[in-house]
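Next come two complexes built around chain A: one with chain B, the other with chain C.
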Partner chain A sequence: MPSKLTPEELKQELLKAYPAKVARKREKQIIINKHKDPSANGLPTTNEVLANARTIPGILSMRGCAYAGCKGVVLGPTRDILHIVHGPIGCSYYAWLTRRNQTRPVSDEDPNFMTYCFSTDMQEEDIIYGGEKKLKKAIDEAIAIFKPKALDIFSTCPVGLIGDDVHAVAREMEAKYPDVNIFGFSCEGYKGVSQSAGHHIANNKVFTDVLGLGDLKKPGKYRVNLLGEYNIGGDAFELERVFEKCGITLQATFSGNSTYEEFTSAHNVDLNLVMCHRSINYMADMMETKYGIPWFKVNFIGAESSAKSLRKIGQYYGDQELIDRIEAVIAEEMPAIEAARATHRPSLEGKTAVLFVGGSRAHHYQDLFHELGMETISAGYEFAHRDDYEGRHVLSSIKVDADSRNIEEIEVHPDAELYKERVTPERKAELLAMGIEMNGYEGMMPEMKEGALIIDDLNHHEAEVLIEKVKPAIFGAGVKEKYVIQKSGVPLKQLHSYDYSGPYAGFKGAINFYAEIDRLVNASCWGLVKAPWQSSPELSASYAYVG
Partner chain B sequence: MSTKTKLITEPGREVTQDACRVCAPLGACLAFKGVEGAVTLLHGSQGCATYIRRYLISHFREPIDVASSSFTEETAVFGGKANLLAGLDNISRQYTPQLIGVATTCLSETIGDDVAAVLRDRVPADPEEKCKVLNVSTPSYSGSHADGFYRAVRSLVSALTEETSEVFTQRLNVFPGMATPADIRWLKSLFKAWGLEAVVLPDYSDTLDGGLWDTYQRIPSGGTSLAAIRGMGGAECSLEFGHALNPADSAAVWLEECRGVKRLLLGAPVGVAASDLFFHRLQALTGRDFPADLSAERGRLIDAYADGHKYVSGKRAAVYGDADLVATLALFLLEIGVTPVVCAAGGPVSAFREVMKGLVPDFEERGMEVLSDVDFDHIEQATARVGVDFMIGSSKGYKAAKRLGVPLVRVGFPIHDRFGAARQRLMGYDGTQRLFDELVNTLLSHTQEATGLGYSYM
Partner chain C sequence: MLLRHTTAETIVEREALTINPAKTCQPIGAMYAALGIHKCLPHSHGSQGCCSYHRSMLTRHFKEPVMAATSAFTEGASVFGGQANLVEALGNIFSIYNPDIVAIHTTCLSETIGDDCGQIASKALESGKIPAGKVVINTSTPSYVGSHITGFSNMVKSMVTSLSESTKPGKDNVVNIIPGFVDPSDMEEIKRLAGELGVKTILFPDTSNVVNGPMTGKFHMYPAGGTTIEELRATGDSKATLALGPSASGAAAKALDTKCKVPCQELELPIGLQATDRFVDALRKVAGVTVPESINRERGQLLDMMTDMHQYTYGRKVAIAGDPDHLVSLVEFLVSLDMKPIHIVTGTPGKKIAPRFKASLEKMGRPGNLKAPGDLFHLHQWIKQEPVDLILGNTHCKYIARDEDTPLVRVGFPIIDRVGHQYMPTLGYRGAIRLLEKILSALMDRQDRDAPEESFELVM
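Here is the complex of A and B:
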């Protein structure tokens, strides 16, 4: 049942329940997509989205906090850094394996701390008298038992307020245990406006305290890092399979199925591939400045997008052997993709999707739906910034507000020994001519149709209006939205934790996804929503006379 | 690695490894879900609301709205008053709720926001606003989710229940504790069948286990009405289920002290003995004969105990989770011939040993270890030390059970890795029957899988 409303009418429907002040703000966060006028020299003429702005109190946002972004998203998927959450118990408990990141220790002897949940479990007396002593003792205990190579400390809300200095504790404990790299994050939940602040805080500390400490060089001619891939549902495993098949060495993944040692040696690559631009672009930029490692944006969600991203890697290296091998791999993978598409596309073609996830998934997953012949008619991010919507060319025009200013911007300089220019400006220009923009990201909006509704930080009320007025065939979001959407007879696909399935990345992942969407959209339960006597008057009459 | 890790053994350690409790604001969010037309606002960082929603939603598989006052760094420095007021006005406008329950978090408690004063002085932006706003103090650094739950229920009663000189016979207040929606539904239909006018608080039997919606419901229908809570002072007595709850957090104690309603405290009716006692109380209140269909249910349960004794009698179990549920399940296990050799309350429950001593005076002679304020590492160590045939508690015990190679019977909160937590029935002969069946089947299945002989005749 496609919407009868025009985009503008739909927008007004979304806004009309709000008090004037709230409506004025949301009006700037709900944008009707319009492609830029090429005559305006490529400068943004329309489409400016208010993003990374404060959440309005009392409006049910999908967003989490800085701690969630730092601990849950960026550091959580690493298996051998021992994470201690400094604070009352809830925060540690809530982030205990809930993102369903997977990991695969090489042997039984290799440490895996991911299934644990360590906390200082602060009590009232710690809030009053300070929790540093308790934290130090907790670190003593954790090191005595688990002997980790690295240990990090995550600050929750009260920590900063009561003046506990996790960085001083980290320094002191590192002096006591010189073999253990100990570092802390000031990622209190109230920092910034969303998880995004926590990503930045995590990037900074890993960059200053971890990166460059090691000198592992995995064997291979083409060594790359994959940034912003968190191995939800085994996505990273599928990408590892594809990379290996292509002869590309994955030095480090930030941070799905990763280890501390890989982080320390992530500077030993020629190229950084950025998946989730929002959560990790800081790292990519800082690595380029310090080590001269260039980066470009990739997307391995969708079979076509995966093929395109692999080809970009081949072209970047410009090595025919690699290019041929990548083409051979794509040719080998594609028949199964096409067969799966032939099976599932007919029952999905022409249907619609809406996507409200994270800082990149709302963009990436559009490709998978597109491959099924489904159009994403409305989308938005939970915690992204303007560049994720409109492209990185708007970076210089983003106004830095007080909330963002509170998150440290690290000043980075080229490393005297390790800086090495990988691509000359001339080569960059050549690559650009081939369609490979280094350090570039076009954002979500240029790839969406005109008239699509872009909604930043979608809230509960707006999700309900969308369901009522647009009734898409499927809603891609998270578990918080899942059951309210399904109450209305629309399936919701969890794109944070994948409803315990996956992988969806790469080639095999695409096949899984096609089957999954078909299974959900065409599930038999939706046909039972209305009782027979509700939908058919004749039946109603016959029921009435039975017995 | 998981099998190689040595467990922390020294006493009094500071690091909590795999907690067996959640924080207090979660309990308040659950309690407020059982009030008609209510919305919860957590006063603190939005992460709390998001995490707690996710946790509750994954257990109940139902929509759960929890708003936040969404602190920023500036709010943390200058205080949360402006955000709280804006949040209340926005909720009021969007939901037109009958009640907003404001629960605090460690953030607002640490900076010392005086929520009560803000609410007292509040002038709603909408002069037509009719909703009641109340607050409960639930700092995450104190107690557990169970404490937050009890405190929120008490705050509802103390803020709403009116004074009355009238007492209505056959009117009953019921505080079931953190019961499942299905058990609450069962209680309600039971009281109805017995002709009792019972107010169950909280009642999330519809809001957390409802059907699909024909039309959109901003706040799911169901829940205890505010009018019913206001009238609780006129009840003949309050039935409160629990063994270990702190009287200072008890709604029934408040009603007894401030509204003169007699409090009857008894354990949740799980197991034959506890159900007998419960029905005996109902008989005394109503003066009715014991219904024949209940006698039949009781008979079937005893029959099942007899049929199942070969599988359960003499077995040993570890039971863990919220103190009240642990005590309830320990009594049930003893009744079916299983010794709960580890009884572990995850929350810091003072006098849990004394509570258990009162229930099972010879627990030490029986070899039962009673623990409180412990995490899953403690529970696993204790369990490994004494050896058990199965574990029973929330799904968070899965890792320990797996490592110890024993089956797990999932009861309590949270159950995130199985379906139907909201529909789990434990209470009464019938509920006990289902729990007993599940327990026996779990043991049978474990034996069947372990032998590898392919027997289908157990």
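Here is the complex of A and C:
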């Protein structure tokens, strides 16, 4: 049931509990979606949102840190790079198998380190005297036991403060073990303002220290990379299935179900497909500059979106054989989708959703809800930037603030040997005319309705007000929010962990999702909140003893 | 194989690399302890990642909301100090979320830079960020010392040093009980036992009805449970303190003795028959009451079950991982069932732990492996060297259990793939009955699965 309040009234409800200083800031992070004239070429088509700004202390934000963005998100899913976390035990412990990045080694002998949690477990003396010695010893031990091809080091909060130089350690240990690629990340938790800084730090280092080292070329005519797909609940497995069926070769995925070797050879492709724009757009841009590999945005969340994204690939290659095969695959997959939709849509149609997820799913999942006839009336990200909200055309107007200025921007130049122009400017123009914008992403807001409430870095207070005033049929967010929201009688779908199910990507994923949302929204238990004596507390009759 | 790189052979003696830890870091323990204060908002003074991780892990364990705020350090604050962040946070917390008390803990970040949270809280008070009648306490929980158990211990100790008051010459006829790092169901069970004995108690911290609350259709930021501030103050007027689990509860009990002259006794966590006996006996003596028949009956029921089913536990080898206070009592319980806990690991460091196992391990009649601090990689190597019939540990042990095709009984923290622990205790006689039922079910399910058809039993 949509709120009876106007969007502006709802916004004021969210803001009214705040001290003046907090209200002034949140006012800019809570935006009523408004479309402007799209003919205003190159100008923002929606309102401006304040994003990627520091978290307000004490506000109960949903956000995590740069270490989580770097280790937990981008590198974590790669099964054969051995990840050592340099820090006290917690950081490594909490990122141990808690993101559901599935992986499937090819054989029983292939390395798979994902079930392991490696840490230098820094102690007080390491803080006082420095932890480099222990880190080196830990690397010795890890290499002796696990014999990895590549090993990386993740810095946590105290590492930067005490001045441990993980990069120097990496260089020294690489000299000692020339067969092992060893590199470090300065992803201390306090860098930037959220997980986002960690994505950037991860992209930079993988780009400079891993990419381009290999020469694997998987067989096939149409070779692509999938960037920003982390194989939560088997999403990448489903996409691997669909790609194979279409005759498209998936050279590397960053980084769901991925290997080190695939990373090293990711430059041997014709095209990069960007799924999660926030976490991997840096890599996409750098690969285009260095190797001439173009990219475009795809979305494989939702059956229609999946079909659309596949067709884009067909159009990019412009090869009739591929186009026909893609159409045949879509035609083959669609009947099951339509049947599932016919089953589940009637009990969900017209219901509302609100979505507050990391940096990309709050947008992608709107397509799936739309396929079920559900409208997303409010959405936002924990840590996306303005371009994810408003579209990449605003990139040039984004000012990097003091809190994010120290995240390194690396300078990239075309590679003397490996640069090859894949698409000419003329072809790019042709593609644009067909509706395929290379290097483009229109953002979440232009696709949402006017009046939808866009909330960046949603906090607990605002979530509670939304539940009270809007009472959506479903709330999409994470594990910290799940039981808070459900206590109020509103089902919450975890859109990070998928509540331990999945996949939700691709065609089979859409079918899973339809069934899952139907199950959750229409579960019998939501109707059992009141005990009989609570719904009608007064006795209407009583027994009398009549002897 | 899930843990395909783990082999029986020790390739190198590890000194620096921890693999698959059997502990986590301090602040999560402090956050959990702070949730055991009524109308308290825990606050993490560090960068926000820690707070999110700790809330998430506690949420996964309890399947319940876990509220906490953070100072949300940026790089600037990490270099120049987090005073402004904490002062701002306190102002925002009280105006937006209105707790009665904020319990601050620190992280490796704020500890490394040396922020003094007590002093910062005073600054916040001076600048009017803390409304009249509201309370702020703080504790230091450096992640690079000890484990989550240390963090719990530090926060509970700070409750005493900040709040406990001795207000009069005599003492009230009340016994303080510090329950240790145990589930809310266990805290409830301790209160029930004390109630059966007719002893007036103050249990602190007390997370029952905080992280195992009902679904009512309305979210309550501060649930009904939790020890109240008044009760915490009154702990200084109690006549004695029982500290259950020396690692988690000992420090606070000693601090209360020092501060308010409330004598304390350290006891092992009341898991299993003998440790529960010692708890009940200590409580009886300190309160001057007689143990009622109802408790004798519970004890007898447990013993009855132990004798009835002894053939299934006798001689069975067990590997066990967990937190020190749990381990000491669990091992004693296993040995009382004539089981053989041959591989024992805790991640929490402490020189005092090994002697606490001595009596149980001597009674076992054969040597066992004990490592503190050790990790689950080490435990797994031991299991490969000498296989066991049963593994006792938290959810992380399921990877070893599956690889080795060995039954697992989930005990301790965290249990993130099953429910029940938040509602049903493993402490006390009743908890021991539940624990024994779980152990027997695991062993007998395995026998049913593996038995040849001709010896598949209807009655067991």
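Note that the second predicted complex is superposed on the first by the 525 of 547 C-alpha atoms of A that agree within 3 Å, B and C clash if a C-alpha of one lies under 4 Å from a C-alpha of the other, contacts with A are read in each partner's own complex, and residues count from 1 in each chain.
Simple rule for what comes next: a contact is a pair of C-beta atoms (placed from the backbone, for glycine too) under 8 Å apart; a residue touches a chain by one contact, two chains touch by 3 or more.
All figures in this text were calculated on a predicted structure; none of them were measured in a lab.
Superposition model on chain A: chain B and chain C are shown in a clashing arrangement. Contact with both chain B and chain C is seen for A:Ser61 once the two complexes are overlaid on the shared chain.
In the overlay built on the shared chain, the residue A:Lys191 is in contact with chain B and with chain C. With the contact threshold set out at the top, residues 17-19, 22, 54-68, 84, 87-96, 98, 108, 111-112, 115-124, 126-127, 134, 137-138, 141-142, 145-146, 156-158, 160-162, 188-194, 402-403, 406, 460-461, 464, 467, 478-480, 482-484, 486-489, 529 of chain A are in contact with chain B in one structure and with chain C in the other. Residue ranges on chain A touching chain C, taken from their complex, read 17-19, 22, 54-68, 84, 87-96, 98, 108, 111-113, 115-124, 126-127, 134-138, 140-142, 144-146, 156-158, 160-162, 188-194, 402-403, 406, 460-461, 464, 467, 478-480, 482-489, 529-530. Across the interface of their complex, chain A is touched by residues 1-8, 10, 13-19, 21-23, 25-26, 41, 44-55, 57-58, 61-63, 65-76, 83-84, 86-91, 93-94, 105-107, 109-111, 125, 139-142, 144, 210, 212-213, 216-218, 399 of chain B.
Put simply, chain A touches chain B in their complex at residues 17-19, 22, 54-68, 84, 87-96, 98, 105, 108-112, 115-124, 126-127, 134, 137-139, 141-142, 145-146, 156-158, 160-162, 188-194, 402-403, 406, 460-461, 464, 467-468, 478-480, 482-484, 486-489, 529. Of all residues in chain C, those touching chain A in their complex are 1-5, 11-12, 14-21, 23-25, 27-28, 43, 46-50, 52-57, 59-60, 63-78, 85-86, 88-93, 95-97, 107-109, 112-113, 142-145, 147, 213, 215-221, 347, 377, 396, 399.
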